[in-house]
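The two complexes that follow have chain A in common; it is paired with chain B in the first and with chain C in the second.
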Partner chain A sequence: MFSWLDERLALSRMYKKFFRKMFPVHHSFFLGEITIFSFLTLVLTGVFLSINFEPSIRMVQVGTKQLPAAYASVQFIDSLPFGMVIRSMHHWAASVFIAAAFLHMIRILLTGAYKKPREINWIIGLLLLSFAVMAAFTGYSLPFDAFSATATKVGYEIAASIPVLGTWLGQLFFGGTFPTEHSIPRLTAIHMIWLPLIIGALIGAHVLIMFLQKHTQPKYAEKVAPGKILGVPFWPQQALIMGVLFAVFVGVLAMVAGLFNANPIEHFGPPGPATPTVKPDWYFLWLYGFLKMIPSSWHFTVFGVYVGPEFIGVLIPSLLILFGFAFPLLQPSKTKLRYLELPSEHPVRTATVIGVLAFFIASTIAAYNAELSLSTGFLWFLVLLGPVVVAVLAYLLLRAIYPRREGASGD
Partner chain B sequence: MTPNDDAPTGAPRSAQADDEARARAEAEDQEALIQRRRFLQAGIGVTVALTVTGLSALSVTGSLRPIAKITPQQEPPADGDILVRADDTTRVVQASDIPVDQKQVLCYPKDPKSGVVKNGTDNNLVMLQRFDASQLGPDTTPHAADGVVGYSAVCTHLCCTVSDWDSKNGWLLCPCHHSQFDPRADGKVMGGPAPRPLPLLPLRASNGQIVVAGGFLTSVGCS
Partner chain C sequence: MYRNDRVIPFFTLVFAAALFLMSYLDGRHITALSGGKPQPLSVGQIGLISLGLVFLVYGIIGYISVWLEGRELRPGVHKARPGKAQWVGMALSVLAVALSGLFVQAIVHSLRTQENHPGAEGIIFGSISLTVAGLLMVYKHYYQDDEVHVESEDSEVPW
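And then the complex of A and B:
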């Protein structure tokens, strides 16, 4: 059997080429794999959801009520055996995807793994994170309950607030001024076909490049076996670990999904005239905090083009993300990085990363300004100064705990 | 071949060679002409093909932005419209239905002649509130009917419905990003990110009923 396949598919050549790739052993190296597991879970649960979902906001009669068809079909999904659990799994897996991808990115940042030759994979990684957030956002809109209609409406208006191009772009992606009868079909196509294809392709490229370039080696490998590649081979050891981890992942996720139903649509009901008091999911809170912080007086007109506070609220974070893309390109180097750098040996970088995390936390706190009754002035203080203070403190602490060693670079 | 061989026959041969060379040159010219012509033809062909493809692609791209149709349900409120409750469009709103100094009541305009309830778009959502006439600002008073004021319920920030009421300050409150508006003073922004005041809807009273006295004073919507 094997030789029959081997003759036709040259399996043993592929085995030698790819399946013997060494995977370094370190717990922080599993974050990327967890991201892939959640993608697989999303696809599998998504198949189930997609074949039961009706992408339409036509009103249908359900019992005594008139409900949008999309909403009614989600009610139908919830009524199927394990339907609610599978829908919750889909929701939680999306959260895990974004969280794991983000932590993976922080790990890369802290250990300098984004440096030459791995800049391309850094950029692909950031693209993956951005598309994942878009997929999460378009997924929000589909059940078409009061919550999703509100969140998507705000998303549409943010897109429409982009000067000059905004209205056109918004109407392109949301099928006219949201909500129209074209909106849900279009968002469905984006969520179920195009984004998964793009994300799948990017994951493929990401992993392929990782295979070609090889992992960066953990620092201990330099001492144990300098110049050699240390780790367990992909087949069979690493594959076995991954298989077990995936099973555990799905098990835990199913349990969480069974215990905590995500977005129970009856809670908000179908969209009505009033806006429910809602906050977006946690990964949007920092953006949401920004939207709330920009004072109403921040608007101006240049060359007859109106720029309002709602656009400035997204402009600042987008500039940050753009900077993230260019980040490794700003540090040209001659040598290729083989061994990970220890965060303790690069106190400036480590402190900056901690400062950036503090920035995200501060703008997330801004999202709760009303609940915590914080004034806008204080929020600005918190968001601008807080991260700087945290970064400086982190730097001083790192310096105190890990005194500078001979020859260690300070970047 | 020796050089001597060449010498005597040199002249006639060279004439012959000239002829040949001329013929060859002519042929080459001809060839070049044909090639140039072909190049031109190909160029024109490609240009035409690209233009046709481009135009078709443009029209497809254009169609991705759906045409907005205005149905009678989406017509903006007009003079003479009555107001019905948003949660029950069969109930016409009377001034006496609106409690003084309380949370806003969401309504849609209704054309009394055709009987069309204009609830086809959120842009027609109107919120009504009633205050003691002495509390209303000078710009708001002329548009109020028996102390009832009407505003567009569409937040000028990102178009959520301004459906909450901050009873402590007496301000309208948008649940999305916490913009606050003063309904007694022209819908002025009192806090939060909203860039413009809420558009006012002029009202008048006729036999205890609230009637729209004209379109929104400023444009409805956000950005």
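And then the complex of A and C:
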């Protein structure tokens, strides 16, 4: 049987080319695999959800109540044996996908793995993170409960605030002024078809390029096999440890999903005249916090186009992503990076990354100002100067703990 | 960071515990504010738990990786020594079958009574998955020979 297939599909050659790819052994590489397994879990649980979900806001009779069909179908999913766990796993996997992708990129930054020749994969990674956030946002709206409908409306208003393109984007992604009868079918198509296809294709390209360029090597490999690739073959060794990781991941996720329903629609109820107090999902909190600090009266006009404070919600992430794209190109190098750089030997870069993390944390704290009642002046200090102070302290600490070595670059 | 050691996995586990604790305290605070009425998870709690989950899984797989693959690779083929691992394997297999039976029972019970118990279902299903992870670990550690290769950087893999 194998030889019959081999003659036609050259399986032996494929085995040698792909299945014997050498994988380095270092735990820091597992962050990328956790990201991929989150996506795989999302696809597997999403298939079950898509079979039972009705993407419509038409009113249906459920018992004595009139409910939107999307909301009622999610109630139906929750009523199925193991249905609530699968839906909850989907919700948690979406959050973990974003968290893991973000931490994976932080690891890439800290170890310099974005440098030549891996600039393209860095850009693909940034795109993946952006599309993952979009997928999570579009999925968030689908149950059409009071909480998600209100949060999606805020997202719509931010998209609609983009000068010139806003109305067109509202039509394209939300089917008009949210919520219309076209909104949920449109968001469903984007969430279930287009974004998974794009994310799947980007992951494929990411992995293929990694196979071509090889992984960066852990620092110890420089001593064991200088100038060479040191690793274990994908099949059977790496595949087995990946199997262990996937089983651990699914095990932990299923337990958390069963114990904590991340989106209990029964609690929120269907959309009604009362608008619930909502905060955006946790990965938008930093942006929400930043927007909260900008006075609502702030606006200006450029060439007759009105620019309001909501537009900042699009502008800041766009600028960050653009800077991220350009980041590896700002550090041109003639040589290829082969070994992971130790964060302790690059204190400027490490301290800058810590400063950026401090910015995200400070902005997230600003999102809770309604509860904390801090003055706006203090928040601006916390968000803008706080990260600088943290970065300087991190740099000084790194310099004190790891004195500069001869020949070290110190960037 | 230099080698595949336990330092970072240890700190990620500590970090995961701290994030879960923060989420728990946040939940208690929210419940107290709403007069003791249990509330759904806030977005902040979901974020803390999600980040905690990544750190937890990372810490666990980090420890497993050190146990199964060692701190540094050494080129060559390293033979596995089964010892008495078959007993551990058998015990885990029996556990996996028993848990699977329990899971089917839970589903049938849910179908009969029209009552779901997501907490129990999630814990049983998660336990099956963790048992499978244990079985794979036993197989890898005690039965699979380790191959460590050195190859040229410009090999024609994949093109």
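By our rule, the second predicted complex is superposed on the first by the 408 of 411 C-alpha atoms of A that agree within 3 Å, B and C clash if a C-alpha of one lies under 4 Å from a C-alpha of the other, contacts with A are read in each partner's own complex, and residues count from 1 in each chain.
Rule of thumb we're sticking to: a residue touches a chain if its C-beta (ideal position, glycine included) is under 8 Å from a C-beta of that chain, and two chains touch if they have at least 3 such contacts.
In this text, all values refer to a predicted model and were calculated from it rather than measured experimentally.
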Next on the checklist: After the alignment on chain A, I want to confirm one thing: do chain B and chain C clash, or do they fit together?
Outcome noted: fit
Checklist entry - Between chain B (first) and chain C (second), which, if any, makes contact with A:258: first, second, both or neither? => result second
Next on the checklist: For A:277 in the superposed arrangement: first (chain B), second (chain C), both or neither?
Outcome noted: first
Checklist entry - Where does A:161 make contact in the superposed view: on chain B (first), on chain C (second), on both, or on neither? => result first
Checklist outcome for this item: Max touched-residue count on chain A (chain B vs chain C) belongs to chain C
Checklist entry - A:54 contacts which: chain B (first), chain C (second), both, neither? => result neither
Checklist entry - Should A:244 be classified as contacting the first partner (chain B), the second (chain C), both, or neither? => result second
Next on the checklist: With both complexes overlaid on chain A, does A:145 touch chain B (first), chain C (second), both or neither?
Outcome noted: neither
Item to check | After superposition on chain A, the shortest CA separation from chain B to chain C (Å) | outcome: 13
Checklist entry - Considering the complex alone, what residue numbers of chain B touch chain A? => result 64-66, 68, 86-87, 106, 108, 119, 122, 125, 153, 157-164, 174-179, 189, 191-195, 222-223
Checklist entry - Which residues of chain A touch chain B in the complex? => result 150, 153-154, 157-158, 160-161, 166, 168, 171-172, 175-177, 180, 182, 272-278, 288, 291-296, 298-299, 306, 308-311, 313, 369-370, 376
Checklist outcome for this item: The chain C residues in contact with chain A across the complex are 1-4, 8-9, 40-44, 46-51, 53-54, 56-58, 60-62, 64-66, 68-70, 72-75, 106-107, 110-111, 114, 116, 118-123, 125-130, 132-133, 136-137, 139-140, 144, 146-153, 155-159
Next on the checklist: Please output the residues of chain A touching chain C within their complex, sorted ascending.
Outcome noted: 16-18, 20-22, 24-28, 30-31, 34, 78-85, 88, 92, 95-96, 98-100, 103, 111, 208, 211-212, 214, 218-221, 224-225, 227-233, 236-237, 240-241, 243-245, 247-262, 264, 267-268, 279-283, 285, 338, 340, 342-344, 368
